[in-house]
Structure formats: C-alpha cells, structure tokens
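The structures come next, written out as structure tokens.
Shared between the two complexes below is chain A, which pairs with chain B and chain C, respectively.
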Partner chain A sequence: MRASTLLSESLAVLGKELISELRSRVALNAIGLFGVTTLIVVAYQIGPYQIQEQDRPHLLSALLWIILFFAATSGLSRVFVKEEDAHTAKALRLAARPLAVFAGKYLFNLILLIALFTLIVPLYCALMGYAVRGVAGLVLVLAAGAVALAATATIVAAIIARASGSTTLFAILSVPLVLPLLVMLIQGTRAAAASAELAAVVPALQGVVSLGGAVLTVSVYLFPVVWHD
Partner chain B sequence: MTDTRVRTALHWLLGAWMALVIAAAFFWAPAAAGFKGESSRIVFFHVPQAWVAVLAFCVNLVASLRYLRTRNPLDDARAAAAARLGLIFSLLATVTGSIFANVMWNSFWNWDPREVSIAILLLVYAAYFALREAVPDEERRASLAAAYAILAFVTMPFLVFVVPRIYWSLHPDTIIGATGKLKLQMESRMLQTLFGSLVGFTGLFFWLYTLDVRLARVRLARREREEE
Partner chain C sequence: MAGISVEFSRVGKRFGARPVLAAVSGTLRPGEVLVVAGPNGAGKSTLLNILAGVLRPSRGAVSYRRGDVDVPRRDWFENLGMASPDMAVYDELSALENLRFFGRLRGHAVADATLGGLLETLGLPAREHHRPVGTYSSGMKQRVKLAQAALHAPAVLLLDEPSSNLDAAGHEAVAALVARFRPHAAVAVATNDPREIAWGDARLDLAL
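Take a look at the complex of A and B:
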C-alpha cells in the first residue's frame, strides 16, 4: 500500500513536471538550443577534417561530452529553482513526501537528458564524421551516463534552489562532482567508437554505474534535509 | 588550569617535533636513488600535506554527519574548520607536487591523474565555501553545506582510486598501492622521517583545528549571551 502510494506520488510529480514543461518549454528550449548552437559552432570551426587522424578518438569523444554536459547544465538546474520562483515549493512540500518529489524530479531530468542525447548525438556523429563501431556500446554508455548525470544534477539543483538559485552556483557545485563521471564517460565513448565488442565499454560502464548508483543512494537520504531545512 | 598546562606542553612538543622532522628531512635521511639531485626530500612534506588534506576531508564528513543528527552549530563550525584547513593543505600539496614535477619532468603541471585528483579536491573545497557564502541563513547554510560535503565525499574514492588507475600516471607509486597492501621500499631512515613527518603534520592539523573550533565556541557563547 505504502509503496504504491509512493509510486503514484512520484508519477504525479513527474506528470506535473511534464505538463508544466510542455506549457512553457523553458528547459527543453534551453538545453536543445544550447546543445544545437554549441554543436554548430564546433562543427563549423573544427568539422570532420580539422583534427589529425591520430587525435580523432580522444578529441571527438571529449568534445561530444563537453557539448552534452554544458547543454544539460543550462536546463537541469531549473527543476527546483522554478518552484521557489513561482512560490509553489511550499504547496509541493505539503502535497507529496520528499522521496516522491525527488523521484519525480529525477525522472523528469532523466527524460530531459535522454531527449538531449537523442537530438545531439546523431547530429554530432553526422556533422563531425564520427564513425562509431560499437553502436550498442555507445547507447549503453549514454544510458548509464544519463542515469548518473541526472542523479547528480537533481540533488545539486535542490541544493542551489535553497541557496541562491543561481545557475552559476549550479556549475560551481556540480563540476567537481561530475568530473570523475565525465572522465569515465569519455573513456567509454572512445572505447565504443573503436570497437564493436560490448566488452570494450564494460570497465567504463562499471565505473559510471557504481558512481551513479552511489550518488543516487546518498541523494535519497540527503534530499529530505535539503528539501525541508 | 591543568588543561592549559597540558595544552602548552603539547604545543611545545609539537614545535620541537616539527623542528626535528625538518632537520631529519634535510640532514639525516639520505636522498632517494632514481630522483634528480635532492628532489626526493620533498616527499617528507608533500605526502603528509596530501594526507592531511584527505584527513581534513574525513573530519569534515564526520562533523557534517554529526550536524545533520544533532543540529548543533558547533558541529557546523567543526566541519567548516576542517574544510578550511583541508583547502590550505591541499593547496600546499599542489604547490610542493608542482615544484617536484618541475624538477623531475621540467614542467610544473602535466595533467597527471594525481594532479587532476588534487585539483578537483581543491575545486570541491572551493565549491563548499562558495555554497556557504551564498546562503545568508545560518541554519540553512549549515545543513546545505553538510549535504554537499557528504555528496562530495561519495565521489572522492572514484577520483582518488578509480580515475588514476584508468589513466597512465607519471606519479611515483603511492604508499598504499592498487592492491591495498603497503608498498614501502624506502631506506629505513627515510621511512622513519616520513612517518615522523606524518605524525607531526597530523598533530599540526589537530592543533590548528582545535584553535579554530575554540574560537567558534567563544563566538557562539558570546552571541548566546547577547541574545539573552
């Protein structure tokens, strides 16, 4: 009974997020346009032919994750700030338990990230001439990356909403936390591009899944403190 | 009164100990083979500074956890004091490491995984203080800072142990190797000096930490008196 209530509350929060986002489209526009603009600048200035053949595996995987991470940063930070701005945070505190709020907001951020990845990654491969041998491996790396990045982004977004609500603070707080994650994701992407074998991405996946899992677990315990204090 | 005497005696002992460590590092321990000139002597200061930076991070975590349980402002002051010292000691470890890198490899910064780890540790400490300064309300500041400190601590093992194992590193073997076993193949006088220095720097950390916490306790007591 209790579990189903938690689930229904989480889905209700997710539903509310999706409806309000589809009305305003602020986060979708921010991450989509930021991602596409950065990609166009990178593709125009660097393109498929400006990088030496031996540097391509390193640079192309790193550039991809720089575009994805900073585009995500522009939208994911809003998930709690908008509640404080609209003065709806108190109503949400009364309407749902903290865990349901966290779960709903986390799932919303996860959906945003998946949408961003679906839009940017194929475009990036086409515009930059990025030949990926292990497509299944890349999809796994992107999926694990979305799960882990959404966890860090959601808890940091909750912290900054209770602090000053500035996007700058979001970047300052989240960059040191996601750097190890980004290093492992870049490694995994490079491995997927170089080999069709799924085994090639396993070491990076292990790191990403364990770090993402650890952050998600700790966030579940910390969120009530951040949300109520 | 007895407390003050013990404290004074400990301060003198710490001073004498550190003086001995410095003298031993330069005159008693031999320079290690395989390193340029006398450059290996920096290990007696660099390793303890890095150790104290990590120790401060752990003290910060314990104080943050305690704050979330007790809501005692003194625990928040303890967490902030540990982070302040952690920031100073990680800066010192970065500077001494850079000096060593320049002597050995002719470059102050090589983006070695160990250098990246310490740089990110510095960023975490800086972010912790940026967060503290962004929240005017004291209670909220304390709980948000505690939450961030705990979150940052979770990512540290990945930074310190996982990422440097993925990348090839120039850094000499760390004291605790990948297998978790102690890898100490130093000449015995070097080993004694290093352990002496580790003890000395740990003492130095706790002395500075206690001073900071005592100051915070006095400030809190004064404010309580003013409020009454």
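Take a look at the complex of A and C:
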C-alpha cells in the first residue's frame, strides 16, 4: 500500500516542474520570446488596418491561434524530453506512479499555456485592433483551448520523448490532434468577437471540450504504457 | 513485516539481434548482499534494471515475494531503492530539495534534519545541502543519488557501481550504507571493484 496519494504525488511533480522552470526559465523564455516576436512581426507587417473590414473576424481569430499554437509548441514539448536528456526519468519512474507524472506535467503545461495566453491575447487585441464583443465568451474559449491543447501537448510529448528528432516528431504527431482543435478554437474566437452572447461560443466550446476530454481520457490509459515501455 | 526476496529465473535480454544477457537465475534474499560481477558488457546493469522492473526481459521471469506471498508488480517500485550510472537527480534543485521531492512522491514526509543527516552520512557536508545539484562535482552527485535510493528505507536496494566517482571516504560511506541495509533488506551490488565485491554474501558472475 503506497503511503502517498495520487493527488499528493501529482502536486509534488507539479511543484518540482515549477521550481525547475522558474530557475532555468527555458520553456518560459522559449514560448514568451516566440510569442512576442511573432506577434510584433505580424502587427508590424499586417497591423490593424491592412486587412479588409469584412475579412477581419476570420483572419484576426486565425492569426491569434497561429501565434498561440506555435509559441506553445516551442515550450510544451520539452516536459518529457528534458527528463530523458537529463537522465532523471528513471528515478521519477521508480518513485512516482505514472498517472501522477502525467497529471503533474499536464498541470505544468496548462499553467504555461495560461501564462502565454495572459501575455499574448491582450497584446494582440491592442496591437491588431481586435475588438472583442464577448469578452466572457473569449475567456471561456481560451480556457477550454488551454485545457485541450495542454492535454494534447503532454501526451504527444510523452510519446516522442525517447525518439531522436523529437521536436520534428512532436509537430508531426500533433497535427491530426491539433488541427480539428484549432479549427474549433478559431470558430469560437470569431464567434466571441462578433457577439456578446455566451450562446454564440457554445457550439465551438462543445467541440473543444469533447476533443480535450477524449484526449485526456485516452491519455489516462495510454500514458502508463508509454511511460514504462 | 517480513523482508522481500527477489527471485529471477532464466532471465535473458536481447537488444535487437544482440544478446546482452544469457539465461540467468538466482535469488536476492533479505539480510543478504548479492554481488553481480563480470566484465564490461556482461549485462550487470541490464540484470539490475530487469530486477527493478524498468526493463522487460526478453525471456525468463522475475518475482518479488514477501514470505510465500507474491508482491504484485505495481507494488515493486515502492519497495525498491536504486542508484545507477544512468540515473540522475535534478540539477536545478538542491540536494535537500531533491530528497524532499522524492520523499513526497514516496509518501515519506521526512524532516529536513533527517534528510540532512542522511546526506552527511554519505559524505555531503551540510554547507552543500542548499546548493543546486547542477553545481556539484560528479562525486557529490553520486552521494545525492545514493541518498535518494536509501531515503525511504526500501526492502530491496539495487546499487549499480555505487562507488563510481567517489573518493576513498565516499567508498567507506557506501560500505557503511550497505552494512546498514544488510540486516533487513535484500541488496544487490553490480560491480567490478574488488573492494565492493568483498561486501557480498553471495556472488553471481556474468560472462560475456
């Protein structure tokens, strides 16, 4: 009988990730720098006035998620690769149950995404002149997007951790999972920008939550196999 | 509570077409130190990884038994401590933070004074306990690894080249650690060092 609980182990893994990241700042710097740089380039080259009025809702919501996704990819894929590279994975395998490792890493990725969204989205709205009528709807879409993207990134990061060329593999394996997610997130963001009614974002939210829930559920069964084999 | 014995029967391992461990059998008994010796490449580390359950054997079987009762595989890790050259602790954390972390994972909320005492018995002085492990020498890192393996007083202790990177005082500290575990735990030491071979109550020689 283990003396620790799944919750206490998950929180220990999360705490370790946060302390390590705050001291090394590798993922924070990667996603922050990528996000801000891309945003500035997009704002400088396209800006708020170089898009036709009728195209603005579509293009601005798509551009926002392109920036967020690629910035996130540069940081989130590292959670398991760094354990293998630093040879700490074996000690972690022996000490923690697999689900606790997954939960701790997932929560860490979720926090990274929330930090990224908090930094980039307001800046994007200001620099691109992106007027959002349904702020509450946008926050809901962003929250659901963070939950689903973090789940996808965490399980794919676990799968590719022991492979060589893992960054390329991360992008390739992510595509089939992330593509439908991004489409729904872009639709939800566009709906939130166009309408103050929460009901406007519900169809997209349902899709994002369903996909995120499916990825999380599969991960619970898949991760122990991936982690130990 | 009775100690745990580890029985392995005709255990072998291949990596692709390359055999690294022939059919090996034996028992790791509580109150006994089993020395696994043999030339480089004979499969000492592979055998310890198989006994730990972090590597699947290509053939044969391993079982953990408490008295006459099989210990389910899902419970192996909580009864196991391991230190090996292919393991590391976290460079960004201090020695104490590493031990706190692994203690929490194992449900052992050990006081810092106790953790510090464990590190000191392994030869890491108190002034070094709060420095990030990334700034340590390889010998100091080895001491933290050994402390990580021992901190939850496991029933099975697997040590792969435990004195590697250690000076004479470090070797003595490891000998004292093995002596402390010997009365109640099943200990396996994979080594080619004659000083470590001398710790053994039983010996398993692996050949190329």
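Here is the rule we use: the second predicted complex is superposed on the first by the 224 of 229 C-alpha atoms of A that agree within 3 Å, B and C clash if a C-alpha of one lies under 4 Å from a C-alpha of the other, contacts with A are read in each partner's own complex, and residues count from 1 in each chain.
Keep in mind that, in the parts below, a contact is a pair of C-beta atoms (placed from the backbone, for glycine too) under 8 Å apart; a residue touches a chain by one contact, two chains touch by 3 or more.
Because the structure is a prediction, the values reported are computed rather than measured.
> Clash or fit: how do chain B and chain C relate after the overlay on chain A?
By the criteria stated at the top, chain C and chain B fit after superposition, with no clash.
> Touching A:225 in the superposition: chain B (first), chain C (second), both, neither?
First partner only.
> Of the partners chain B and chain C, which touch A:99 in the superposed model: first, second, both, neither?
Neither partner.
> In the superposed arrangement, which partner chain does A:91 touch: chain B (first), chain C (second), both, or neither?
In the superposed model, A:91 contacts chain C only, not chain B.
> Between chain B (first) and chain C (second), which does A:115 come into contact with in this model arrangement: first, second, both, or neither?
neither
> Touch check for A:36: first (chain B), second (chain C), both, or neither?
So A:36 meets neither chain B nor chain C here.
> Could you say whether A:16 touches chain B, chain C, both of them, or neither, answering first, second, both or neither?
A:16: touches chain C, not chain B.
> Quick one: classify A:169 as touching chain B (first), chain C (second), both or neither.
The answer is first: A:169 touches chain B but not chain C.
> Rounding to a multiple of 10°, what is the angle at chain A's Cα centre between the Cα centres of chain B and chain C in the superposition?
In the superposed model, the angle at chain A is 90 degrees.
> With the two structures placed on a shared chain A, what shortest C-alpha distance in Å links chain B and chain C?
Between chain B and chain C, the shortest C-alpha distance works out to 7 Å.
> Hey, what residues of chain A end up touching chain B and chain C alike?
229
> Mind pulling up the chain B residues that touch chain A in the complex?
Per the stated touch rule, the residues are 68, 116, 120, 123-124, 126-127, 130-131, 134-135, 139-140, 143-144, 146-148, 150-152, 154-155, 158-159, 162-163, 166.
> Which residues of chain A touch chain B once you look at their complex with the stated criterion?
Within the complex, chain A contacts chain B at residues 155-156, 159-160, 162-164, 166, 169, 172-173, 175-177, 179-181, 183-184, 187, 203, 207, 210-211, 214-215, 218-219, 222, 225-226, 229.
> Could you pull out which chain C residues touch chain A in their complex?
52, 54, 56, 75, 77-78, 80, 82, 84, 86-93, 97, 101-102, 104-108, 132, 145, 148
> Which chain A residues qualify as touching chain C in the complex?
Spelled out, the residues of chain A in touch with chain C are 2-5, 8-9, 12-13, 15-16, 19-20, 23-24, 86-88, 90-96, 100, 228-229.
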